[in-house]
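Shared between the two complexes below is chain A, which pairs with chain B and chain C, respectively.
Moving on to the complex of A and B:
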C-alpha cells in the first residue's frame, strides 16, 4: 500500500521523478507499515508485561525509550501500537473506498432520479457529524476492530461517494461510453470496465487523503477509550494513559502523539502527490 | 417504394432548457433512409443534425415519434429484443479523443462490439479486430497500443473499425472528419466511403461541409432549427437547391473557378433561439425572399417532385 501500484509503472515513475521530496511521505508511510507488520521482529521486549521498574527515563540500558507507569517497555509499546491504529485506518478506508466508489459510480452513471435519490441520501449522511456517528456506533456495538472499521468506514464513504459521482457522471457523458452501449455492452460492465479505470486515479488520491482522516478517527476513539482495549498497546490510548505524567514524563504523551501526527500528515502529503500526478 | 431501412416518424427530442422549460432540438422529423444509400445531413451548428443521428440509434430517447428498422418499431424496444438489433446500428463519432477509452487497448476497443453484441468468442473477435485494423490501414499490431499513442486521423480509423466490427447494416457518421486536419480529411472520407460501398452499408453522413457531402452522399437532407427543410438527390440538390436556406448554404461554399457564376447570399442575423422559435416559417427571420404569409403560417415539408421535398411556401411544383 506504500506505492500506488494500480497506477502502473509510468505513474509511479512520474510521482517520484517529479521531485525527490515527493517521495518522502511515501517512504514515511512505507516505514510505518513495515513497523506495524514486522513489529514483533524488531523489538524483543514484551509490550504488555508489567514490571516494578516504572517510569525509567529515556536511554536506560535495555529500555531505549524508558518504561511507562506500569514498568512496560515504551519502545515495544510504540512499535506494537502501530498495528491496531494502522489496521483500523486501512481497513476502514478500504470499506469507505469500496462503498463510496460503488455508490458514486452507479449514481453518476445512472443519472436522473436514481442519482437524485442516492445523492440526497449521501448528503444526509454527510450532514450528520461523522465523529458523533462513529462514537454512537461504537458505544452501541461495543469496541472492537469490526465495529470500529465499519463505523469509520461508513462515516467516510459519503465524501468519497460525492467525488465518485461527479467523476462518473463526467465520464458517462463521453462518447466512448456511448460507443460501449452501442456495442451492446451492458451497464454493469460499462461501469466497471469503461468508467472505473478512468476515475481510479483521482479516486485513489482522495482515498489516500481519506486514510489520514480514518487514522485520526481511530486514534481519537482509542484516546476516548472506545478503540482497541487495553492492555493491547495503541497510540491513542497511550496518549490518554500518559496524560497523568505529562509533566514528569512528557515522552509518554509526546511520542505516541507525534507518531500519530506523522502518519496523518504523511497520508495527506501522499494524497497530494497523487493528485498532482493526475494533471 | 420498398421498405426503408430506417424510418423516423414525427421524431421529437427535447432538452431541459435553462429556465425550466423545454428546448425542442428535433421538431417532429420524418425521414426515410433506404438500404444501401448514403444520406448526407447538412446544416449549421446547433440545428439538430447530431441529435437526429443519435436519436435514430436510440442513444437519445425521443420525447415523441417512432423509429422503424426494416419496418420494425424499435422506439420502445428493450432488453434482449433490442440487443438483437443493437449490433446493426452503429456510429462513428466526431471527437477522435473522447470516443475512445484511453485506458483500453485498441484491439479490445475494436473487439468489444463483437464480443457483446454478436456473442463472438475471444479468439474470433481478436481475429476480426486484427483484420479490421488492417482494413482501415493501421495494421493489426496497432491493436496492442492504447488510443493515446495515435493521431486524430488514426483514431478516427480506429473508430471506423469499431463501428464496422459488429457488421452493422446502418452507420451514423457524425461529422467524422470535422475535427481533423484538411489534409487528413480526404483520406478518412475516402476510407469510409470505400468501406460503406464494399460492404453495402447504409449511412447517415452528418456534416456541415457541403464539399464532403457532395463527394460521399447519394441524397442530401438540409436541417434548420430542428426541422428538415429540404431533401433531394445529390445532383439535383447541388444543381439547383430550392429552399432559400439551402441556396444560401450552397452559395457560401467558395467556388473553384474564378468569376464563378454563383452569387453569394449572406444570411442576416443569427440562428433564432430554439427555446423561443419564431412563428410561421422558422426561417422567416433570416430569409431574403420572405413574404407576409411566411410569418403567419408554418410550411409543411411538401413533395414537389420525385424524391424531392421542400419546406417552403414559395417553391411551386413547377419549379422542379
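Moving on to the complex of A and C:
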C-alpha cells in the first residue's frame, strides 16, 4: 500500500455528525432503515388483509393510525411500505454510484478527447428530463424491482460521473499518481488503488444526496402506478390511492407523503453534513 | 483564436435543433420498440379479462399488424420519420382523437405551468439569494441556506399532495384539481388562457386561471428556487468583492442602487445557466405534478397514455416534451449572447 493513498484518506476521521443538530438526519435515516428491516416484526397487523372496518379514524383501539378504504391497518401499511421504497432507492443509488464513478474516473484519468466526448454526453444527459426516460423504460419493460432499479440508477449516474470526472482529473495530476505511473503501475490499477480511495470521500457525500433523488423518483413512480405493484404496500402508491378520500380521510394521503418528504429531507441534510465534514 | 460573429453563433445553435430533435425522436422510437414487452403484448392482454393463449397470440398478431410492428425495424423507422415530418402523429387507441389535436390542447397548459413555475422560482430564489448574501453570516443567511438544503430534490408528488391538503382541504383557499372551473364558459382560441383572455377580451378568465395554476406551479418551483438561492448567493458574494462595486459605492450610490444596477446585473448569467440546466428537471416534474392536480397538460397525457398502453399518445407526448426541452435550451443559449457582451465579440 503506497503512502500517499493512506495520507489521502484523512476524510475518514470524524467526517459526519460533528454536532448534535447534524446528527438528527443520520438518526432519522437510521430509524427509517431500522423500520424497513425490523418493522414487520414490530407490528402484528397484516398490511394486505382487507376487512369490513373501512376508514376507521386515528386512535381506534387496535388500529393506532386507523384503517384505509379497504379496511387495512394504516400503521402496518406504512411500516411495511418502507422496505420496498428504501430497497429500490438504495439499489438504484448503488447502480448510479458504480456506473457514475466508473465513467467519471476513466474520463478524468484519460483526459483529452475521451474526456471531452464522455462529458458532452454526460452534460446532455444531466439536462435531459431523466424522469421521462425512467417512465418510458418502466412503461415498456413493465414495472418491477429490476426495471425500476436499473432505470433510476442509470438516469442518476451522469450527476455522479460529472463529479467523479472533476475529482479524478485533479487527482490524476498529483505527484503520487504520477509517481505510481512512472513506477510502472498499470492504468486500471492506478485508478482503483490510488485515485479511487482519494476521491471516495466527496463522492460519498454526493451519493447520499443522490439517494434522496432516487427515493423521490421511486416513490414518484409508485405514485404514478408504475412502481411497486399493489397489493404490496408502498408510500407512493398509498398517496395515489388515498387521494380519492382527500376530504373524508386526508391522513391516508398526509402520512405516506410526509414520510416520503422526511426521508428525502433527511438524505439532503445527511449529504450536506458529509460534504461539510469532508471538504 | 478568433471568435465567431454573433450571426454565425445564432445560426449554429438553430441548426443544431433538428439534429437534436432527430436524436431524441430516434431514442423515443427505440424505447418504444426495442424493449421487452412490446405494445402488441400489452394491448392484446385485454383490460382485466383473462384470455386463452390462442386468443392472446391472435390478438397480438392483429395489433402488431395494425401498428406495423410486423415490418422490419428499418421500415418502421423510416415510416415513423416520414409521419413525423408530415406532423402525422397518429391517433389515440381510445376514442381515436388525433394525437396532434390532443397535444394542441395539452402543450399550452404545460407551457403555462412551467413558465409560471420558473417565474416563481426566479423570484423566490433571487430575493432569498440576494438577502442571504447581503446578510452573510446572520441567522437570515443560515435559514436561507437551510431552506435551500431542504428543498433539494423534494418529491413533487408528496409536496403537491400536501399542498392540496393544506390549501385545498383544510384552508379551502384554492381549488384542488383541474385547470379551470367546469362552470366557466371557456372556448379556447389558442389554449393559452392568458392569451385568450386578451384576444377574446375576457379579463374575468385570469383570476380563476391563476387560482388553479398557483399551487401546481409553486410545487414545481420550490426545488428550483433552492438551487437559484444557492447560485445567486454565491455569485452576489463574489461580485460584492469586485472593484466596480467598490467604485459604485465610493461614488456615493445608495446601497439599493448598487445591488440593483451592478450586483444583480452580473448575477443574471449564472441564473440563466441554472434555468437552462434545471428546465429539464422542471419538465420531468411537471409530468408528476400535472398528475397530482389532474392538470390537463402533456405530462398527465403521457402518464394516462402509459397506463392505458396508448402508444401513439405516449410517443407524441414524449416527443412534445423533448421538443419543448430542446427549444428552451436553445433559447437559453441565445439569451447568453444577449446578456453577456463578452460572448459576442472577441
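We adopt the following convention: the second predicted complex is superposed on the first by the 263 of 279 C-alpha atoms of A that agree within 3 Å, B and C clash if a C-alpha of one lies under 4 Å from a C-alpha of the other, contacts with A are read in each partner's own complex, and residues count from 1 in each chain.
One rule holds in what follows: a contact is a pair of C-beta atoms (placed from the backbone, for glycine too) under 8 Å apart; a residue touches a chain by one contact, two chains touch by 3 or more.
Source: prediction; values computed, not measured.
With chain A as the common reference, the superposed partners chain B and chain C fit together side by side. Touched residues of chain A were counted for both chain B and chain C, and C has more of them.
In the superposed pair of complexes, A:194 makes contact with chain B only, with no contact to chain C.
Contact with chain C, but none with chain B, is seen for A:137 once the two complexes are overlaid on the shared chain. By the touch criterion stated above, A:128 is placed in contact with chain C alone, chain B being left untouched. With both structures placed on the common chain, the touch criterion links A:185 to chain B but leaves chain C unconnected.
Of the two partner chains, neither chain B nor chain C is touched by A:270. Residue contacts after overlaying the shared chain place A:260 against chain C, while chain B stays out of touching range.
Chain B and chain C never share a C-alpha pair closer than 5 Å once the two structures are laid over each other.
Interface residues of chain B, counted against chain A in their complex, comprise 54, 57, 59, 83, 86-87, 89-91, 93-95, 98-104, 112-113, 116-118, 159, 162, 165-166.
Touching chain B in their complex are the following residues of chain A: 174-176, 178-186, 189, 193-194, 197-198. By the touch criterion stated above, chain A contacts chain C in their complex at residues 126-133, 135-137, 139-142, 209, 212-213, 215-217, 219-220, 223-226, 236, 239-240, 243, 246-247, 250, 253-254, 256-258, 260-261, 264-265, 268-269, 272. Touching chain A in their complex are the following residues of chain C: 28, 31-32, 35-37, 149-150, 152-159, 161-162, 164-165, 168-170, 176, 276-277, 279-281, 283-285, 287-288, 291-292, 302-303, 306-307, 314, 318, 321-322, 325, 329.
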